[in-house]
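The data blocks that follow each hold one structure.
Both complexes shown next keep subunit A, but they swap its partner, so subunit B is in the first and subunit C is in the second.
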Partner chain A sequence: MAVQQTGGEAQQDAEVRELAERLAGGDLRAVARAISLVEDGTPLGWGLLDRLYPRTGRAQRLGVTGPPGSGKSTLVNALAQTLRERGERVAILAVDPTSPFSGGAILGDRVRMTAATRDPDLFVRSMASRGNLGGVSSATYEASEILEAAGYDRILIETVGVGQSELEIVELADTVALVLVPESGDAVQVMKAGIMEVADLFVINKYDREGGDRLVRELQLAMELSDWRRGGAWAPPICTTVATRGEGVREALDAAERHFAHLRGEHQRLTQVRAQKMQRRLRMLLNRVLLRHAWRDARIEDQLEAALARIAAREISPYRWVQEVLQSWRRQGEEQDG
Partner chain B sequence: MAEKIRILVGKPGLDGHDRGAKVIATAFRDAGFEVIYTGLHQTPEMIVEAAIQEDVDIVSISVLSGAHMTIFPRILELLREREASEIHVIGGGIIPPEDSEKLIAMGVGAIFGPGTPTGDAIAYVRNWWQKRAAGAQNA
Partner chain C sequence: MAVQQTGGEAQQDAEVRELAERLAGGDLRAVARAISLVEDGTPLGWGLLDRLYPRTGRAQRLGVTGPPGSGKSTLVNALAQTLRERGERVAILAVDPTSPFSGGAILGDRVRMTAATRDPDLFVRSMASRGNLGGVSSATYEASEILEAAGYDRILIETVGVGQSELEIVELADTVALVLVPESGDAVQVMKAGIMEVADLFVINKYDREGGDRLVRELQLAMELSDWRRGGAWAPPICTTVATRGEGVREALDAAERHFAHLRGEHQRLTQVRAQKMQRRLRMLLNRVLLRHAWRDARIEDQLEAALARIAAREISPYRWVQEVLQSWRRQGEEQDG
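This part shows the complex of A and B:
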């Protein structure tokens, strides 16, 4: 058994090495495969992330979030086109929701991403949220690391259409653009929405529609009233665009550049912010691994069925049962240690 | 986390009838697949590029324009050029039976004509997926 395991590990190492080499050499199939492996949470995927980690840290991650229908995909497409004109290698991760009922998803962001035809320096990948509620999928960050290691300078991350609380993009992106439309609402709505606080810049898209100027004024007022410029220094600029015609896109990109320059500038803000995010990330990754192992080691799944019957018959309370599972798991750990 | 079947649904050519593609995309989603929907007016080059970047298992295209005898072979050819022949190609639309036979001989997995219950296409995909998984295990 042990021998077999070692053989398996050696084989996996070889596969990881081969895939990492192809990926570094610009093989798009390898990049695409690697993202799938990471998305499916396979050991091969983890091995690959481990191997590629030293090659990450240079790219800029620009998050684009906003309510459904605000034009995120169209804007991302226009931003990508502009970046390509400037000679940068661009990757897009576009997240759409997974149905909680069927587990399936329709990932339709490519419909708007007309820039992605046959340009090897523009890579577009659609991701399903797969049950994650934060507006991205739990593997979106890992996918961005794969893309970074494959040499993409700029990674655009488009979230699912968000309401007021899907804020995970903050943990993934260096710069977050919040896309709104003139209809996005009155000042009250603006002030109560949690998503307003994640914005490093605001983009009022579809600015040719009525009400654009009003929204700009309301945003300005709301910003004056609140102190959401935590840490001071950076006041989120308000950009106006008509993404379908490419209007204002360059200016929005420049605003994102200024934010990134601000992060990279004095006081090593970027290093600090990334360290804070990494701390939260480590907790999250460890939680994920611990949970999986605890469930497996304590054979919790096997006990669930029997527990349900006892709980329904009021023989045991859910609260007592949870404590018992915890105790049996601990005893098991002690026995293994001894 | 379990692997998901990823399937590209696209609509090549110049005609604007995407109802069939939308129906099958929705059915595939409801079957639990991840559907990459590329929309209308896709060239075979665009479809193959998308299939590769998205790392799909299957490409499913709908052709109603009569151009099926050029579009399907071109997609198969491009997949071979990109060393991506393991991506399975299926299709639907208005395609005469004798052409269907020719396309299947060329390497298209299945052709579903008008009025095919969506359940047939779903069953076909699941069956293909299971066979492939079994093949990978035996290898």
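This part shows the complex of A and C:
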């Protein structure tokens, strides 16, 4: 976009190019580095995402969400193993937006798992909110694009709970599996919590425990009563698993496959749905970038500091101050670009 | 700020001046019109807020929040009547951020109440999220500034629940009364919900019902156990009321008065706390204005529409598109200002 490239930009382009090549060659350390760059919101990461974008769009993103203690990690590991047995290259992104610290624990389990298998075609990463500029969800989506560009066919995205984060699991994934356990409470509670809507399939994990059958029946009834139909008439199947023993995992995966096939098959529904999600993502990305640039370029933090005393003394109103900052930023832009 | 005023600006200034004068003269229709202007996010409303700002800062904002069904509206009405008996000019702002529709019902009750009293010194308004640009909470704060400028000494702000909205009740009010009822559940649940922190005082309403004493004891115990102390060592008192019969309302009001006196008395704590809240408010206001101007000036909605197909076809990445929009807006600013 710049007419003349600065030395810094040229160097960055070279770095982006090199990293992109290593990624395409399956270099795991390059993948890890690239994800760290997007997590940190660096210009290098941004440049890399731009370069890799043409190589995205083919992979399936399977989201696995549910309450704490529902055995999501175990299920995701089991799904990943099953996919590996089918010869697919698999990546796991584990997100815990509520606590960057508990993410460490998840990662601990996962590191052991990965170390045990030493499988280069199973990539595992815990996503934590390092920077304060983006959200962890946005970085997770960007990480999934890097993984796609690095040739992973299937990306499993694990999140705790639903909602809360700026981009929800529905925005991150093509297919969402909602994991419940017999102890989750009855289906009415699940419906009240407003989390049924996100499910493309239900997985009742720890199905060997008391109350599993009851929960299945209640979910079926609840779906019938609410005349459960989403666009395209997809009725979310209810799968039952005991992930620790691998029971039902294959069937759950097949259900996810059927949903993805349904999205692909039906009048290009996948294309439509992805375009809607992209539109929401563009708005969010753009707003984040606009605000970041404005705050930095107009030194708003400094201006804010100076304004507070004047505003408290009623020398200037908050409303006039905001207008002045807006204008000062636009003049700033003029000087830089002109 | 503009060196030369346009005709539209001069006319707007005249309108702002006239409305401000009518406000100062206690014209209720001018107050109602002004609040509608800020609710709708109009430039006229913004200009008015700027003009009125020097006349703000003296009134006390008392927030009343709590779960649905806790009798907040009845309590607020009773508090307002008590304040009126003490000769104060009182305004009530009722906010329901979760549902703009149920706000209508609240207003219905209130309109009847106001009509019955025909008291020009009791102003009542239900705040609903009309526009999509600001949040209802921000408009509520702005409405409270208009009411201050119109000479209301006390502004009662009623919200349903806690959290959720972009500016919480804590940001809107100097003193927050958290209303609970014996049926609210035990104190442990209240603590878990993270709403105890907002309370400067607790009001157990419907205290004549079973379980009132138990809830009071549990709250006391919970505060002791959690070593409850906020900055300034204010321990939230627990008041008990039966608002429908006016019981305990005077005492609850006195507790709110003590809290406000505490804020005023202690090393200018009120000034500090308000400055902190103003800082957060400035950030929010500024971000809202920056984004609104950017979207409008750079016709981002149109650009977005055009970009989606190109992005889906991988002709351009979301990342490059965002950069291009950023630059196009800044060039736009240059043309307008230069």
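In the analysis below, the second predicted complex is superposed on the first by the 260 of 338 C-alpha atoms of A that agree within 3 Å, B and C clash if a C-alpha of one lies under 4 Å from a C-alpha of the other, contacts with A are read in each partner's own complex, and residues count from 1 in each chain.
The rule is short, and it goes like this: a residue touches a chain if its C-beta (ideal position, glycine included) is under 8 Å from a C-beta of that chain, and two chains touch if they have at least 3 such contacts.
Note that the structure is predicted; figures quoted are calculated from it, not measured.
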Per-residue touch tally on subunit A - higher for subunit B or for subunit C: C
Partner chain(s) touched by A:128 [first = subunit B, second = subunit C, both, neither]: first
Touched partner set for A:300, first subunit B, second subunit C, both or neither: second
Touching partner for A:268 - first (subunit B), second (subunit C), both, neither: neither
Which of subunit B and subunit C A:220 touches, first, second, both or neither: neither
Contacts of A:35 with subunit B and subunit C, given as first, second, both or neither: first
Partner chain in contact with A:290 - subunit B first, subunit C second, else both or neither: second
Common interface positions of subunit A, toward subunit B and toward subunit C: none
Of all residues in subunit A, those that touch subunit B in their complex: 28-29, 31-33, 35-36, 39-41, 98-99, 102-108, 110-111, 116-118, 123-126, 128, 130
Parts of subunit B lying in touch with subunit A, wherever the complex brings them together: 1-4, 6, 25-26, 28-39, 43, 45-46, 49-50, 52-55, 82-84
Residues of subunit C touching subunit A in the complex: 1, 46-47, 49-51, 53-54, 56-57, 271, 274-275, 278-279, 281-283, 285-287, 289-291, 293-294, 300, 304, 307-308, 311-312, 314, 317-327, 329-331, 333-334, 336-338
